[in-house]
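Both complexes shown next keep chain A, but they swap its partner, so chain B is in the first and chain C is in the second.
Up next is the complex of A and B:
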């Protein structure tokens, strides 16, 4: 019986990890209008940065062994800085070129990680990575600790993104996304704003990347295959781009559905068949949503009336 | 003269869109820009407002050379424009649309968001009050919370004018503001344009509706094939031979 709960906790943790990534992508692509396919690349940069900074290992040439909190802070700053460097040349280009650049970035990062084994341990990667509270709970019950961590992270990121989305900054992003010439005509700086969005995205992905490492418990290049970015995008599109709840609902349906398939495995043949069915389910789900509800299950709201009321009805001083 | 262009040249491949176009706009005037389709009127607007890099020539505005500046810098100096096809930010309400243009970089800082200060809220309220005053002035108070997609084309044109006025311009360039307007709407537009002038804002206006434009402007330029072929007071321009042959047509004048 407890086995089911452990399994459910593990599935839910994965759902929350994807929901967090989709929420960040919603900010970047949904409101910021940046077509980013580099989520896996940024996540890889963050995850490797964190592990290299915190791991106790004499196999790599640089190992400062920082405490967890310091590792997260430095990782966030570093990933934000990487996003800045990628954004500087690529954000001047139009949508589809940015898409290709970020895609290429993802591939290049994976190559670099695989070849620079003096610091990344190459294709072998890191295993049995130390996790917070590891010493206090059994490996089995650690799933519940992870569930707690991922719930906390999702709620924090979701609240942060909602605040950003409803703020004048979020309004500016939607304006630039909706109509670039009109935004220019009222003096908005398109490139600088997009760069801010991309750096914030990088910093947030960096900050949450340790959670992904703790979940998998090891670190190797194949964890960051570019299909990860497609999965996050699919979750966002199914749930609803531009809606605060869209990415959460999308991740719950998509990841929940594909992971629940594991329940059905009772023979080896079925297991192979079902794992092959995963991309089919994702594809069919995407087609159905695109055909019957292109704006996603939860469409973007066409105004934030409350935003006006909060401002207009505050105490007149 | 608040705005002067000198020998502006712009080519699109082999098409000479502007061939040494020079105009001067007097401060606090309403100046008209007329001419046949494809004369280069909108190209001239795009060049002045920084949307289109010019091949050669210069543009001086309020003592600054703006020929090489980007749109956002030009807007900050006090020059703003409307578009032939008015649109806006369709995913937002009318209030949000206008608030966006009233907000400066201080309000739009992503880092101030985390702890919205009292000062920030006060500043936002100030902008919001201005939005409501403007909508009231334009008789469009009912539009406040309407999604932009739900308003009519005529309302959209007025909302666009408000949006551009929120940038506190010294000069407003209007690209065919009256297209698609009925007689009543034209009266409202005329009254609005006069009011904008009374507020001390200079206006440069592209318009095809000749009776409307010749009635409202103080001075008028006629463009054809990227060149200024005539300029003068509205009463003079209708008698200008080159203008009649190239644009107005002989029959129109005889009436």
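Up next is the complex of A and C:
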């Protein structure tokens, strides 16, 4: 019985990790209009930065062995700085060119991580990474600790993003997204605003990346496969881009469905089929939602009812 | 040196035909078809399966091309046709969905989970002073170049090619002039997927086949087509060749493990100075 709870806790943790990532992406892509495929790359930068800073290992040439909190802070700043450096060139481009540049960056980062094994341990990666409160609870019940951490992180990020979305800055973002010339004509700095969005996104991804490391418990370049960015995007698109609840609902449905399959894992015979079923579920879900409800399950307009009221009011005048 | 140019030409030719199909769809339908990489993988697998059944190389290649073309046609009819006019992002995300489904189906049905090699003999090694090559490699280059020539002639000399260019250029105008655009699009989908299937066979014949091949190649294809300027088919062909040369020549100067890093850095640099791609004509059109 307890086994089921442990399993459920682990599934929920993964759902919350994806929901957090999708929420951050929602801020960047949904309101900022930046179609970014480099999420996996930034997550990799954050995860590696955190592990290198905190791990106790003499296999790598640089290991300051910082405490966890300092590791998270420095990781967040570092990932934000990396995002700034990527943003400077790539934000000058539009639409699919921006998509490609961020994608290209993601590939370059993963390739560098694989080759620079003196600091990242290459394709082997790190194993048995030390996690906070590891000494106090058994490995089995650690899933509940992780569930608590991920719930806390999701709520914090969600509230932060909602605050940003409702602030004047959020309105500015949507204005730039919907009508760039109009925003420019009233003196808004398009490039600077986009760069701000990109850096905030990077810093937030850096701040949550340790959670992903704690969940997997090891770290290797395979964890940041191309499909990771597409999966986060799928969760966001299925749930509804621009809506506060969209990314959470999308992640719950998508990851919940794919992970629930593990219940069926009886024999090794089915293992291949089950690993194949995951991409099929993601794909079919994406195709069906795009076909019948392209704005997602929860459309953006539900989140900004008040804004709609103001516009209606102005129309009446 | 010349040897590396030869290998670069080989890689580049395959990249060029893979990316040309991708660019065709981008021109006519207006979105980036992420499933293109998986079409290549299907081509490679179908070709391999026919060869394992004992079919001749040439026939396996032709059959794989036709089958992948038909699969692409079928998927465009089921998935992409109802989405026309709903915006390119919807189509783009649907193509990601298609890519995921195909990838999952391949994982489920294709028994070989490891890396497989075509049972091919490329013939003897010929040595002409600086350069070593086999007949098989010459065949591959020949097939790739005749494909490009065929594509060029098809688009410029035949009436269907004319219709395709008309729809790509201005689909509303083409429709008002009485062009049956959905028929034209079927042709384009068949052509594009067929080219993907063929390039998959060539990739498999030269190298190896594994289940990640689709995801791996879609990155390079995206890079090639953006570098060439997505609106320009000949630009895409040229940039495929250039990128192939860069990939293979770079291993002369830097360790080969940095090849990918170099390629993508080159692309980012090119996009910085020419954000519309190397050979794009769009700006010139707008100015005139």
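Criterion: the second predicted complex is superposed on the first by the 301 of 317 C-alpha atoms of A that agree within 3 Å, B and C clash if a C-alpha of one lies under 4 Å from a C-alpha of the other, contacts with A are read in each partner's own complex, and residues count from 1 in each chain.
Convention: contacts are C-beta pairs under 8 Å (C-beta built on N, C-alpha and C of every residue); 3 or more make two chains touch, one makes a residue touch a chain.
Just so it is clear, the structure is predicted and the values come from calculations on it, not from any experiment.
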Partner chain in contact with A:89 - chain B first, chain C second, else both or neither: second
Touched partner set for A:175, first chain B, second chain C, both or neither: first
Chain B versus chain C as contact partner of A:112, first or second or both or neither: second
Contacts of A:125 with chain B and chain C, given as first, second, both or neither: neither
On chain A, positions contacted by chain B and by chain C: none
Of all residues in chain A, those that touch chain B in their complex: 160, 163-164, 167-169, 171-172, 174-175, 177-179, 181-189, 196, 200, 242, 300, 302-305, 307-308, 311-312, 314, 316-317
Complex contact set, residues of chain B against chain A: 49, 51, 71-72, 75-76, 80-83, 87-93, 95-97, 99-101, 103, 107-110, 113-114, 116, 121-122, 124-125, 128, 132, 144-145, 147, 149, 163-164, 166-167
Of all residues in chain C, those that touch chain A in their complex: 32, 34, 79, 82-83, 86-87, 89-90, 93-94, 96-108, 113, 215, 219, 222-223, 226, 230, 257-258, 260-261, 264-265, 267-268, 271-272, 275
Residues of chain A that touch chain C when the two form their complex: 35, 89-90, 92-94, 96-97, 99-101, 103-105, 107-108, 111-112, 114-115, 225-227, 230, 233-234, 237, 272-273, 275-287, 290-291, 294
